[in-house]
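We just call them A, B and C in the order they show up, numbering each chain from 1.
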Amino acid sequence: MSKPFLRNAWYVAAWGYEVGAELFERTIIGESILIFRKSDGSAVAMSNACPHRFAPLHLGKLENDVVECPYHGLRYDSTGHCVLNPHGNGKVPSRARTKTYPLVELHAMLWIWMGADALADPATIPDFSCQSDESFPTVAGVIEMHANYELIADNLMDLTHVEFLHAGILGSDAIKAGAHEISQSGTTLYSNRWCPDGLAPPAWNMMFNNYNKPVDHWLYMRWDAPAHMLLDVGITPTGRPREEGIWMYGTDILTPKDETSTHYFWGASRSYGHGDRQADKQWEEAITVAFGEQDKPLIEAQQRMLAMHGATDIDGVDAVLLPSDSGPTRARKILADLRKVNESAPPTPRNPSLSELVANSAGHYAGKVTPVV
Amino acid sequence: MSKPFLRNAWYVAAWGYEVGAELFERTIIGESILIFRKSDGSAVAMSNACPHRFAPLHLGKLENDVVECPYHGLRYDSTGHCVLNPHGNGKVPSRARTKTYPLVELHAMLWIWMGADALADPATIPDFSCQSDESFPTVAGVIEMHANYELIADNLMDLTHVEFLHAGILGSDAIKAGAHEISQSGTTLYSNRWCPDGLAPPAWNMMFNNYNKPVDHWLYMRWDAPAHMLLDVGITPTGRPREEGIWMYGTDILTPKDETSTHYFWGASRSYGHGDRQADKQWEEAITVAFGEQDKPLIEAQQRMLAMHGATDIDGVDAVLLPSDSGPTRARKILADLRKVNESAPPTPRNPSLSELVANSAGHYAGKVTPVV
Amino acid sequence: MSKPFLRNAWYVAAWGYEVGAELFERTIIGESILIFRKSDGSAVAMSNACPHRFAPLHLGKLENDVVECPYHGLRYDSTGHCVLNPHGNGKVPSRARTKTYPLVELHAMLWIWMGADALADPATIPDFSCQSDESFPTVAGVIEMHANYELIADNLMDLTHVEFLHAGILGSDAIKAGAHEISQSGTTLYSNRWCPDGLAPPAWNMMFNNYNKPVDHWLYMRWDAPAHMLLDVGITPTGRPREEGIWMYGTDILTPKDETSTHYFWGASRSYGHGDRQADKQWEEAITVAFGEQDKPLIEAQQRMLAMHGATDIDGVDAVLLPSDSGPTRARKILADLRKVNESAPPTPRNPSLSELVANSAGHYAGKVTPVV
């Protein structure tokens, strides 16, 4: 692989709800990771390979916070140390430990640090607090895409594709005519669209009770390395404050499985419809169609096309860039810079808290796209 | 790949009937090609990769001779130039064009030139006019074989296999006893069998109304590089002119998809049974059995066997040749020579027109195999 | 492949019962081998690639001890010489022969020698005579495992896994508490467990008419290179001679298909229940569960885990060894040594005949594990 993955970075390993009473496995940047919850409910992560014979531990048993290897019964505690060798004199070799990884449960997600333990600082986890904020009913899921994570980030960082790939659902003339501004703060990138006074995209219009009248539409995307995106997107009657409309915080977090496969964690935390199962279902269906049936096959076909050109990523070919690629291009640039220094310098998001996001959003009523910083 | 494909050569991209009102894709010598018909009915070919993000254009839309990329809506005209960038100021970068390929519709087929445009001369397309000659009812199709195209050409250029692989259908004792002659003219090769005064192969006998009496049987194969074959094959009562029997011109054109996959275009243009749907069906079934169920699995197994010997083609192993391999060996030799000079010298078929073919075929009544030149 | 297969060694190509009146193919250490029986019942082995066009001969016909190639009808006798070229003047090139391999039918199995003919000595075939000894009713089979053969041998040479992977079937507390001794004689390795005076493993207990009382349990494993194992395993009432209990000779012979696939030949020759179809079925089911549903998925998952660590075998990673790995480790050492000298020195098993095995087994009643040499 020519472009190594960032190691000193937080990756989403799983939604918190995915890890229950059973051993859980997920492959992250090419490493098979075992995750489980201790009896106190906290989750831990370690290499899934038993250091003895490299059997996958997730096929074993969990009992009293201790994992038993399915093959020869060696047991490991939650710090990865072998605590039982059931054979012979029972001596445990000092090297019999499996590597653990810092794991933090935050914003309804399990964040894993794949790099040097000493550099793991939970304060550098981007803010996705909307996902655990009861004011915002949330639906969520994970999709496996057979594509490099940067190709998927390109898709999300250039939302001009919505009026084509998602025409009839998420696209609108107002988006095409809207203003777009890119800004960067530290290693955090913002790609903001402000699309005032037009008809809402069909899916939004339907969710706004078939409003059918002009609205202001905003799409404010925040990106943090390696590929953690939050989209503040919504509509409100033209010229009216956000609170008179509806909006959602859309999570798009990409965790590479390997060079050409990605775990796509999506979430939709909406501003309305508490306890409304119908609204839950509408968002689940909209995202299943848009991400699963429109983005996924297209990006996977793009990946195969690149393979025919001898490349695994768009950087491997001589692509023609457009001004609308400024978002993806800037994100790739930040990533490329981080690759050079990542042994010492993790990404440091400058993302604001959710309350700041809402407070700042008033700026757009002046007809100006104010980055949500 | 050790043996490069000929670039300066015409390949069959599709049967004309395969390309209708929709965008059509086919991978040819490792390149994904988009083909579509303009409103005037003429067909064009271009690289299927959008130069912007390498999305496959064939998943987009065709309207007014213009292709819209499915991803971000860039539009390309039939000359491959981007004619619309729907985003921002709408400026189109000068490099925003997709490579086009010379494409000619001839003999019911779409022929594509994969090399330098300046060398593309439609006059060097071999004569398969029987396919568009109304005197010869034609059935046709395309089979994907998971084998190198030269292995399939070997099969066709040495028809001694028919009495074994196609025993009970296309083989006969007369073929075994027949005379065989190889000749070459320019880069065109002829491999002709004259098998007089014997019982016809079962399939031929059946199609000749269960004639059950001795016939003269001829199999005249013409080969042009890279792998365009036409077989003039038929039976007639012993000693009688061709016109008292039945025959067909059999198309066997091999277009490499990649090193180990091939698009096999087959056709059967017969001398009899105009409008006879039963005869159409007989030929379709005979070819489905012979090519699809007998040749295909055998050649694919041969390909796997070569892989176990570390080779992708028979040239990679130390095979024992027989005199009956003269046809395949000569064809491989012409191809090897062309590979050396192909940057400047395309194959130049010396194939005769269909009328010449028929006129010359009288020669075999003297008991001598006259090459059909 | 970094670790070459031993060439100068006997491999099991098939159970005798697998090769009947038809041509039979099996891929062994990466080579496709054709096996068939002559009319006198003796079996022969040769390269499955026709030297002419490398078509697979096993798809052809067998008649009068002669194989006809499915492609062009060349015929080969049982010495691999081409005896018929049905084409042209019928001349047979002197090089038209397919390589034959020494093949010996012994102990109900077909043993193939993959190395230099001159070194093939049937006397060096390990003793598996229990399989053809009518005193021992035998069930047998072959399983394809998608794993390197040494990983499977590791499994068999360290039976401490039975109480974990096969808990509830073949494991017991007595095995955990038992004595274990490794010994080597020439290139033959013994890994013996003596587990006196405990409850039998569930499967054994059931087969011993639900005895439910303490037994002596022994597991004596014999290994010969490349991976030929025989397990003398059984139970008898505590302190009583073997003849008052039940036992079986378990065959575990691993023939590499290629680097990551293995033909696993298993057999169970038991000391009791002549003509007892119920006992046959019990062993078939126990082995189907234990090997097919427990060992196979675990070892295949181990193989995939090693692949994620960039290795195809455990030697490619820095594994933590335990004292209980002495059996696998020693077997790997013998194999590694043989790899260095194998051009001149085949493995020479020192395995005793079956009668010696039984005679020596009395040793364990002294509470001491006597290697069965």
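Here, a residue touches a chain if its C-beta (ideal position, glycine included) is under 8 Å from a C-beta of that chain, and two chains touch if they have at least 3 such contacts.
If you're wondering where the values come from, they're calculated on a predicted model, not measured in any experiment.
Engineer: What angle of turn lays chain A on top of chain C when you fit their CA atoms, given in steps of 5 degrees?
Structural biologist: Fitting chain A to chain C on C-alpha positions yields an angle of 120 degrees.
Engineer: How would you label the chain A and chain B contact, same or different, if same means the shared numbers make up over half of all numbers there?
Structural biologist: Shared-number fraction below one half, so different.
Engineer: Hey, how far is the Cα centre of chain A from the one of chain B, in Å?
Structural biologist: It comes to 49 Å between the two C-alpha centres.
Engineer: Specify, in ascending order, the residues of chain B that touch 2 or more different other chains.
Structural biologist: Counting only residues that touch two or more other chains, chain B contributes none.
Engineer: Hey, which residues of chain A end up touching chain C in the complex?
Structural biologist: Listed in rising order, the residues of chain A that touch chain C are 27, 30-32, 48-49, 51-56, 59, 68-73, 85-89, 91, 93, 95-96.
Engineer: Applying the document's contact rule, which stretches of chain B touch chain C when the two form their complex?
Structural biologist: Where chain B meets chain C, its residues are 154, 158, 160-161, 163-165, 176, 180, 298, 301-302, 305-306, 308-309, 314, 317, 319-325.
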